[in-house]
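Both complexes below contain subunit A, partnered by subunit B and then by subunit C.
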Partner chain A sequence: MQKRVFMVAGYNTVSLGSGRSEFNPKKENPGIEHYMMEAGRATLNMINGAKNVDESVVGNFMASRFNNQAHLAAFIPSIDKDLLYKPSVRVEGACASGGLAVVTAVKSILAGTADVVLAIGVEVQNTVKAMYGADHLALADYHKKRQAGHAYFFPGKFSDRAGAYANAYGEEYMRKGLAQWYANCIENARLCETAQEYENKNEHLIETGLMPPDGSRFVDHLNFTDCSKVSDGASAIAVVSEEGLKRIGISAREAIELVGFAQTEDNIMEEPGDPLELSTTKVSVQQAMQMAGIKKEQLATVETHDCFTIAGLLATEAFGFADKGKGAAFVANGHTSRDGQIPFNTTGGLIAWGHPTGATGVHQVVTILEQLSGKAGQAQIPIPDDKPYGMTVNMGGNDKTVVSMVFKKCD
Partner chain B sequence: MQKRVFMVAGYNTVSLGSGRSEFNPKKENPGIEHYMMEAGRATLNMINGAKNVDESVVGNFMASRFNNQAHLAAFIPSIDKDLLYKPSVRVEGACASGGLAVVTAVKSILAGTADVVLAIGVEVQNTVKAMYGADHLALADYHKKRQAGHAYFFPGKFSDRAGAYANAYGEEYMRKGLAQWYANCIENARLCETAQEYENKNEHLIETGLMPPDGSRFVDHLNFTDCSKVSDGASAIAVVSEEGLKRIGISAREAIELVGFAQTEDNIMEEPGDPLELSTTKVSVQQAMQMAGIKKEQLATVETHDCFTIAGLLATEAFGFADKGKGAAFVANGHTSRDGQIPFNTTGGLIAWGHPTGATGVHQVVTILEQLSGKAGQAQIPIPDDKPYGMTVNMGGNDKTVVSMVFKKCD
Partner chain C sequence: MNNLDRYQNITVLGAAGKMGSGILLLNVLHSVRLMHQPQNADKTFVIHAIDQSYERLEGVMNYLKTQVLKWAEKNIVELRKQFIRRSHLIDNKDIIEAFVNDAISIVKPSVTIESAYQSYLVFEAIIEDEAAKTDVLRKIKTNNPNHPFFLSNTSAIPISILDKKAGLEKHIIGCHFYNPPAVQKVIEVVELKDGLPELSQLVKDFAKHMGKLIVEANDIAGFIGNGFFMREIKYAVDLYESLKKELAPAEALLAVDKISHELLVRPMGIFQLMGYVGIDVCSLIMRVMDNYLLEPLQCSFLDDLLNKGFRGGQNADGTQKDGYFRYSKGKAVEVLDIDSQQYISIDTIEAKVNDFLAVKTKTYSWNQLSRSKYKEKHLNEYFESINQEKSKGASLAKDYMQSMKAIGQKLYEDGVTKSIDNVNAVMMNGFYYLYGPVNNFIK
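Entry: the complex of A and B
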């Protein structure tokens, strides 16, 4: 990278939806403009005002269907009048839209067109029932393939992956891993006030996670608890240069440094070559770690895109923490738990923090910022001195767009 | 700019829709993936293959409604297998999506993450009848304002502007300017084989343009001929560094250099302060010209966003070619014609070349590339030695997002 790039001043709104006691699906809930304002203003307050911002980026997947609203970048000047007439753009790559927003902001810093970029991810999905929402989200895959697909399109796609995994390595073996992934997520979410499952009181998480799927009610190889939440929310962060840090008056210690990133694109018109592998994720993680010049053993924590529990298992394999087919055991044995060998998704991930799709990639970076800078509150994990790195993996579609980022704690 | 940036290898598909003899609205027409492939492959052929490409950007406004398809960046690897696993992103800013695609590509060059970026703009809109299409395009404005708006939302918005202009300066005075703008567009389109109005045989263009609008059939102050076309199409271009030019083996003479650009954002939640002015466009044009260090008198040609003829008139005022209220006379007097003081939209603009919304911003750059490099064929205008510059203005929504770019002919 031709310049140093830092992330600072992260903010997450509550992930609103089923599970949150303040959520009532029958009432009108806050609109997408509310979420952009809440998250944007919170980050602006932390960086001493919008006057310090040179550019903005919005990550959003599907407001054009969920909210009958496109052109989201034009809401940026509504956040603060000091953003009027400054550059702004919306980026989209399905559920990787948030990660793309951060990377797009990074490029503006590297390009020298900005020293401070406001990056916001946002999605408001509870405007329709979950089944219709699934149909909107299905637009992340190739339209010509969808007609013959499942009614719940993406749950169906990942159910197919789970089915292949069960077939190759055993249903019960896999289910233990999925159940543990689910339990870890809920336990982590209980430590984070903005998480959608923060108030989850279930004392029998493993038992819940172990329940056999019923294909006649949903999909063949996954339960509802194996799926990420239907969420409304926004996350914001400031992406800044060294000059930008000075301008906003924040010490590097409050920030994290981006040391590697990858934007990795696969062909949407083709089915995955091997359903047992997140092959694009694997390439992307390697690209980002290579750029950072680090090994996976130097990571203190990872935020990965567990849109479904099976994607969590497969991610441990894509990273190489577990060999192919061993991810279920790796997770079941507690290695991805918050006190395990490599804590994943320490505030609940997509399964339990929530998955406001276009916001997720930004939320992941905010979580890594909080953990590496010691601001994760109750959810804080120890960051060992020899593991000063954290990583995010944000995925769009069925492993088609992947944005991976490696961050380093600042001293 | 911390690096020199060039545009080269531009390509436009036909702008397909009413007016083209090969268009049949009752048959199935080529899909969005077809257009991306045609334009993308044509540009790749001109730059000696996809192996030379580091990154790609897609500009698209509304495939999620017109084509039931999001996640367009994941079609990039379908264009050529050498694009697999390389960075790709879709950007959106309503009808300014194409301009944003080019600017996003420019930032990757400046950022040093790429030396060659493939930028594609695409939109396929004839999948629905024009009236439903107008409803999709209305998502470019604030959803809470739309319910009380016109049935044809954006024609209504610009009809309101035309009404204000007529009220301030005279209906007949304005109508003469609009009619001349329309006539210029058709005449220019007849010189460009890909233009939607290429085959237009009307011998009474001015008379057609002078017809009084009938608000009971459409909107109060505009005719259908004052509106841009409903178009399917794609445009592609390579955005490259000096290093990139060497890699693709093309001389700078075949390229144009970007010497100034602006991405200018206004607040979508507010109505225009003065309907008689494209105030965001005015700011944007100034920003871009200031960055380029040029005056408007040095421009040989301009491609402006004439989504409606009234937007063309107002653009001449936003540029300062005409004083406020004098744009209609400036146009009626032939100053924007191809042999006039400052030729605008030399291949027909949005009115007559066509307006495949997300492609338009890229199409504009391709047109400037063709004119400044002497490759505009029948549509070629003279480029005087003391006017080596051309400019594009791409607008999203009702003057909310504006992307302006200044290009210089290479010697």
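Entry: the complex of A and C
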């Protein structure tokens, strides 16, 4: 990269929704502006004020339907009066909107138009019941596919992938992997106070994860436990240049450096060529690692887009940690757990931390920042000296928009 | 005429009542699903909802909209498949709205009996009064050229009496739903001797389509459900009178309720259940049954309460009216001292009642066990421990259980049902008991 780019001052709100004791679906819950202000102000406080910010980016998927609100960039000045009249933009790429927000901020730094960019991701989804939320989320695929699609459109899409996986490699074999992915996520979320499943008390996680799906009530090949949460929340982070770090008065040791990234797009009008593969994710991961000049063995941890447990399994294969068809065994054998060969989603991922869609890509970067800078609290995993890298993969739609980023711990 | 023809023009009498509105909802859900089958695209389905006033009918139409919407939301996976041919409906929201509109459009509210004169099926859910039922059924039979089938929701009056007195020529069957009909799984079906096989088959098909469980009862007043419930009320009242020798009235009432609720692991105690159904309704059913049975069932205890103005039952919003208990946020907080006609805070007397019962065995809540995979095991262990216990509460609970078993067995011996299992099935599915009253828990 022509310039060094750093991530610093990350903040996650609580991921609010079912599972959190403070959540009551029958009462009015905080709106999108509340989350933007909470996350934005927390990050601004850490970088010594909004006066240091040159530009802002907000990633959001579907406020226009969940909240009857568009034009989110114009909410940025409500976060702080020092953001008034400064450039601000909203970006959208379905569930990869957060990742796009970070990448857009990075490009401003690289282009030299800014040294400090505030990147926020936000989504508030608990405004409607699940069956209506499914309508909104279905817009992440080609609208002409909706009519023939499942009532729960995206669970239906990933259920089809799980069905193909089960058909190719065995139902029981796959289910063991999915159950272990679910169990890992819940156990990790119990270590993170902002996680939606932080209070989960289930003592029989594997047993729960092994329950056979019921296609008459939901989808054919996935359970509710295989799905990410319906969440409200926001995450924010400052994306800065070396000059930016000086301006905000924070040392590089408290930051992480972006050393490679890729933003990869597939044709939304076409179905995946091979349902057994996250092809776009695979290309995206390879491009980002190539740009960073690292191998997967140098990664200490990965935050991947497990909107469904099957997406987690397929991600291990897209990364090359497991061969094609071996992801279920790789996960079932504990290699992705927090003390495994490559810890994935150390605060619960989308399955258990939560999935406020537009915020997820930013949340993933905040998690990597916390892990690599040693500030992950109870959820902290060891970062070996020979593995100073962490990576995020943020996916929009059915593997259509993918943002991958490689970060390095700063010495 | 086949069943499908009959479903095309239905009447629900008493459609705005507690039971009638539920039966109407069931029929609406049944008919709208028939309507959506491709082979029925050219057919018209009509349900006449008849009641006494448009005000009551407006209320029931609102209830229908809410309930059909909830049903559609819950069953969106199935609905989406059914609606696949309607290509202009894209979102779940579009499909749910279309389903609700289709369902509501079937219903024709009416305050005149003439609306039933074209129907092929007549569901009757009016007041539990022989003369009133006979009068309305006779009018329809006389004026309706379609030889309609009558399905009566009576829970107390023998079907053969209605058949003879209204001149229905065996075109009637007892079809006793439990409250709320859309939720409760069981339908108590009472066929006439030499009744029409096609009527019996129609009820079976309807029940199967709606996922209901049919339990057959014979044509003896009260059938299984009320045959059991009314006799249990008498037992509970006698027990209350007996405990009043040792406890204050409110304490005795609370003690009986606790025995029948907590110690028998039921969803609610017998006095709470009476209040839920309505003290007036219980009294009416007893009086009606009394007309047809040799065994005296009428209960002056209930009549006295009614005279004092305590009726129980529910408000329009589903909250409980004052009866044996007063409620706050759905929970009983005060209990009636019948003698002084004053309500007393349960908190102030509960400890004394618990001391009186002095049960040492750890009880399970009904809620807890109803969701447990190990329900049977826990029930066995619990009653085994109660069997061993010498406390007053355990002794009263054992007596109560034995008396309930005797009531169930007597229903069988009296010919109300051909099987003990039917008694248990009605009490478990219609009253949400975790186990049938005829059991071997108590040795």
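One rule holds for everything that comes next: the second predicted complex is superposed on the first by the 411 of 411 C-alpha atoms of A that agree within 3 Å, B and C clash if a C-alpha of one lies under 4 Å from a C-alpha of the other, contacts with A are read in each partner's own complex, and residues count from 1 in each chain.
In this text, contacts are C-beta pairs under 8 Å (C-beta built on N, C-alpha and C of every residue); 3 or more make two chains touch, one makes a residue touch a chain.
Quick caveat: nothing in here was measured; it's all calculated off a predicted structure.
When the two complexes are overlaid on their common chain A, residue A:Phe218 makes contact with subunit C while staying clear of subunit B.
Of the two partner chains, subunit C is the only one touched by A:Tyr132; subunit B is not. Of the two partner chains placed around the shared chain by superposition, subunit B is the only one that A:Gln2 touches, whereas subunit C remains out of contact. Looking at the shared chain after the overlay, A:Ser108 reaches subunit B, while subunit C stays out of its contact range.
In the superposition on chain A, A:Ala252 contacts neither subunit B nor subunit C. Subunit A is touched at more residues by one of its partners, and among subunit B and subunit C that partner is B.
In the superposition on chain A, A:Thr264 makes contact with subunit B only, not with subunit C. Of the two partner chains placed by the overlay, neither subunit B nor subunit C lies in contact with A:Ala42. Within subunit A, the residues touched by subunit B in the first complex and by subunit C in the second are 143, 146. Those residues of subunit A whose C-beta lies close enough to touch subunit C in the complex are 129, 131-132, 134-135, 138, 143, 146-148, 150-152, 216-218.
Listed in rising order, the residues of subunit C touching subunit A in the complex are 73, 76-80, 84, 87, 89-93, 96. Chain contact summary for the complex, subunit B toward subunit A: residues 1-2, 33, 55-56, 61-62, 64-65, 67-71, 73-78, 83-94, 100, 103-104, 106-113, 139-143, 146, 262-270, 280, 283-284, 287, 396-397, 400-401.
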